[in-house]
Amino acid sequence: MRFDWVADNMGQILMMSWAHVQVSVLPIFLSLLIAVPIAWWAHRQKSARRVLVPISGVLYALPSLPLFVLLPVVLGTRILDPLNLVVALTLYGVALLVRTAVDAFDSVGRIIRDDALAIGHSPRQVFWRVALPLAGPPLLAGTRVVSASTLSLVSVGALIGVPSLGYFFTNGYQRGFPTEIMVGVIGTVVLAVIFDVIIVVAGRLLLPWVRATDRRRG
Amino acid sequence: MIRFDHVHKEYPDGTIAVDDFTLEVPSHEVVVLLGSSGCGKTTLMRMVNRMVDPSSGSVSIDGDDVAHSDPVKLRRSIGYVMQSGGLLPHRTVVDNIATVPLLLGATRRSAHARASELLDLVGLEQSVAKRYPSQLSGGQRQRIGVARALASDPNILLMDEPFGAVDPVVRAELQRELLHLQNELAKTILFVTHDVDEAFLLGQQVLVLRTGAEVAQHGSPANILLDPADDFVANFIGGPRRHLRTEMRDGRHIVVDAAGHVTGVLQDDRGAAG
Amino acid sequence: DPMATSSPSATTGASETAAATTITVGSARFPEAEIIAELYAQTLEADGITVKRNMQIGARETYIAAIKDGSVDLLPEYTGNLLQFWDPKTTAKSPEDVLSQLRDNTPEGLRVLDPSSAEDKDSWVVTSDFSSKNKVTSLADLSTFGGKLRLAGNPELAERPYGPKGLTDIYGVPAANISFTPIDDGGGPLTVQALVDGDVDLADIYSTTPAIAENNFVVLEDPLNMIVSQQVFALASEKVPASADERLNAVSKALTTDDLIAMNARNQGDEKASPSTIAADWLKEKGLI
Amino acid sequence: MIQFADAFAWLVDPANWPGPNGITARILEHLWYCLLALVLALVIAMPAGLYIGHTGKGRALAIGLTGALRALPSLGLLTLLAVTMSLGLRLAIVPSTIVLAILAIPPLLAAAYSGVEAVDPDVVDGARASGLNEWQIVGRVEVPLAAPLLVGGLRSAVLQVIATATLSAFLGLGGLGRFILDGQAVADYTRMLGGAILVIALALILDGGILLLQRWLVPSGVSIALGTGRLEGR
Amino acid sequence: MIRFDHVHKEYPDGTIAVDDFTLEVPSHEVVVLLGSSGCGKTTLMRMVNRMVDPSSGSVSIDGDDVAHSDPVKLRRSIGYVMQSGGLLPHRTVVDNIATVPLLLGATRRSAHARASELLDLVGLEQSVAKRYPSQLSGGQRQRIGVARALASDPNILLMDEPFGAVDPVVRAELQRELLHLQNELAKTILFVTHDVDEAFLLGQQVLVLRTGAEVAQHGSPANILLDPADDFVANFIGGPRRHLRTEMRDGRHIVVDAAGHVTGVLQDDRGAAG
């Protein structure tokens, strides 16, 4: 590990990290925003579930590189548009989250939703006030997985010219320079940890009862 | 007043849960549905707040068929206490109690003030207000369930085995408190249980049900105890356990059931002498 | 607009002034291209132009598409390869023919600035062992080579006229005797190592790669000029103001093949200097910024 | 959408199938890389996951580790290993296998420990009280009852590995990634798309295969016990 | 004979579940541990088959300290019935019953033959043998639990609220059958419950426990009923519910508790007259 190189190139490292963050944030949000309604639908309707859950599984099997390359052709975007990456990563995020979210809603349980209805929540209120918050913990766990895998996948964008920490992989590879690749790997992991901490903290703020309840169990 | 009129319920899977049931629950009285598991008690009770709609027949409240009312509004106007408590695990106790007032548009402040009053009413300290349901004992949870059901001051309370999940000492306490509360509030209460002692303790009228919610006997507790309509009822309410005799032991009169097991001590020899 | 007349292809982009424009400089995905792109970028910046960088985009197919759709505006290119890319049937060999045909084939909206004398060609290299043992010093010697020839190079080489196909078509090496392993490091360390380890016999390594000298590789001669002249030049879109051409041409004029080798050595050798440092040093040395 | 027609034409063209660079060979190479990696991952993740699930020890560590492994960028790891291990072209399979195994470990590990944890503690308690020893509890109670989750973990590991094995081509290895990388290098979208379709098809076929295997292997008692018998196979 | 000798148990989290408990359970007798939730009953019981090891003190069976025995072997020699049944949900009924014999090396054939016998013994039809636990009713599941515990013909049975999860009618039936079984088999049974009636019905000796498994009273059912050691015991076993008097109604003597609720009918006037 050549620390002098790291120090000399800190500017570029930070720049690439920032670029990395920029393409990662949106897909994480979008996948949550898209997966939750899909999962709610799949959770409530057996027939929808039979179609949606396997389809989300198939998305997961898409190899990333051709997806990145072919999306501009499909979307009519420009070749280097980060939007391509955002769309592709969102697809993966949705693929990961739909199943988790369906399971999360299943775990809330008919009984508790039934109880909420029985005391006078409207079906819409049942979703917003009961099912969604109670599905919160597994959704949060799913979002953490999505965040980690998104941050790791962004670097494949280096193969199609979208700047990110992945630049250090291809460039370091071409130059036979482990330090540079390591910087990319460590940078990605550090970003993943930062994202994870942010998500966990957000979770604590949004789901205060989880901790209160956990403490009792020790 | 709640009226069931030739009510019948067949679930989509073909189960006939209720087969032609008719009953009038007078206002300000406690009527208990007593029967073993699966006989249709919960189904009957949930017809009142339209959680279940009858396949045929009708349920009406004070003469208005509930089928014509908006289910969400209807449910907000009826208190419902369930065996599991049915509390929202992600809301604090005070928020749980305040659920219905808040749904009805009360301000947070007034809803919480009401919740405070109710905590007093059901005999809980104010300190539990900020806890979550999982941080309470079973008995406390059931009290919160009752408080929540009372929050919007409904005329009708539906109680579905509300004390089934707590241990016997706490249960006895909760039963006493319910009687006390009812003395004060005089709600119309439909109460479901499979515990014979509980039914006889709480009900002004008791209905012993067979499968399909068929009424095996309907009457006052003493009535049923003294004159079981048939073997099913006699057996259900305890059979040999209810056939008592007294014995002398250690110089005192004790009461023994048909199988020879001691059930209590005779307090008053005059009574025993008839 | 005073600049409108200074460049033949600036007719449509003329309304943009230098100061208001952000130019995106890109490069192919190998280190040298990024260094040259960095030379362009810093030159433009010295001129007061705001520059965005989008380096190491990929292979020619990708970055040419990117400059066409406006994702990037300025790229370093190599004359011969770009000509063959646009006109695979070309027979031009000399630098002059290549350049003029290249200009003819350049699509509307792009312009070819002055080429540099600096060249970086694909080159087929072998180890000195292989060379002496099999008496191979020229591509022409390969047709009589007895065994199977194991080739390595960039994936795109498989399709290039100077790749395995060229060896067959031009030098008469039977296609059945050739196997090709694509390695995605732009003639970098893995390719070099494959050659050193004897995993392959022949590798396509850019002629300015320091590793050729370091490992005593033998660059096979190309008597039939299969690999055409590869002068470095700047390919610009309309967004690059014509006023910048002069400065960019000055860079090309000052750049030599030895400069490329030296800069690559700084980038890939022990120093691992970054393209921007290397570019800044060179530009200062030449008094260009 | 024109590309899809071309890609299918490319796929059904018999000329593209035989030979050392043909589709058949690439599929076999691809499967081989995946198999190696999956076996390696299973050997590491299963015992570890079962141990964690059974004893509850090391759970926090496992959660942290799976998170970290998930965040490790495959491309970075691949290039790093290729550059540092200096194994050359012939042994490029080593870094590729390691990277793919690292990819497969998190879902397998998570499935193993959460699957075992999800087994009703009363059932385990009953088994222990009846006199099953710890191995018997793991083997006869926890593993069968966790089977559906274990298979779920295997399925997502397989999907990811099959999709990511395309990156092995980056090191000069074969596999279906060749079509994708080589196609990309020369903007041959037909070949790229063809390669991608092959990858997806392979993933789906394997996924279906595992599902069938699950139906066949998991005893009917488990499906009945978990109430999964009537549901669709999730 | 099971002996607890100054047993103490502190869980790793600091909970003191059992604080100095001593007891001798005579062979062939049923001893009931009676107490409310969390008082340490299960902890005590699980010390016998080493599912829990005491922090100090010792548990011995027929004079041998269980601490010196191999836990797996020990457990195979002791029958254990739990509230939830604890059956293996992925094994058929017959395989569940045959678990221990198979572990002990019996052939499949003989283990299944034994399982068949046990099905008869606990009053189930042979037709349930091939079903899975989830396909049975709660009462059937508990019977299977008893059958499984008896499979290797152990001398000792540990029963942890075995009938707590079934409805009262079925529970009464199971209790009767257990008494009947015990008449035949005469096992040493340690039985845990929080149901006072159940404890008095089944136990030859009953221990009323407070938190920390402190013994509030130890004696025969009649003994405890007639002479509760203190208010805690009196209250626990029913308080006013056990203070009975008789009343005349509809020309018959009925028995009424202190709160005025009817509990039964007096069968025999001679008894009442003392």
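By written order: A, B, C, D and E. Residues from 1 in each chain.
Here is the rule we go by: a residue touches a chain if its C-beta (ideal position, glycine included) is under 8 Å from a C-beta of that chain, and two chains touch if they have at least 3 such contacts.
Bear in mind that the values here come from a model prediction, so they are computed numbers and not experimental data.
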Enumerate, in label order, the chains that touch subunit B and subunit E alike. none
Please identify the chain with the largest separation between its CA centroid and the CA centroid of subunit B. C
Taking the mean of the C-alpha atoms as each chain's centre, how many Å separate subunit A from subunit C? 38
For the pair subunit A and subunit E, the C-alpha centroid-to-centroid distance in angstrom is 52
Length of the line joining the C-alpha centres of subunit A and subunit B, rounded to whole Å: 48
Subunit A to subunit D, mean C-alpha position gap in Å, rounds to 20
What are the residues of subunit A that contact at least two other chains? 158-160, 170, 173, 176-177
Per-residue overlap in subunit C, given as positions that touch at least 2 other chains: 58, 62, 65, 184, 189-190
Could you check subunit D for residues that touch two or more other chains and list them? 82-83, 181, 184
So, with touch as defined above, which chain pairs make the list? A-B, A-C, A-D, B-E, C-D, D-E
What does subunit A use to touch subunit D in their complex? 49-50, 53, 57-58, 60-67, 69-70, 73, 99, 144-145, 148-149, 151-156, 158-160, 165-166, 168-170, 172-173, 176-178, 181-182, 184-185, 188-189, 192-193, 196
For a test of understanding, state which residues of subunit C touch subunit D in their complex under the given definition. 58-59, 61-62, 65, 152, 154-156, 158-159, 179, 181-184, 189-190, 193-194, 197, 199-200
Tell me, which parts of subunit B touch subunit A in their complex? 46, 49, 51, 72-73, 75-76, 80, 82, 84, 86, 88-92, 99-100, 103, 131-132, 134-135, 148-149
Please name which positions on subunit D make contact with subunit C in the complex. 20, 82-83, 86, 88-90, 169-172, 178, 181-182, 184-188
Interface with subunit B, subunit A side, in the complex: residues 111-112, 114-122, 125, 129-130, 133-134, 136, 207, 209, 212-213, 216
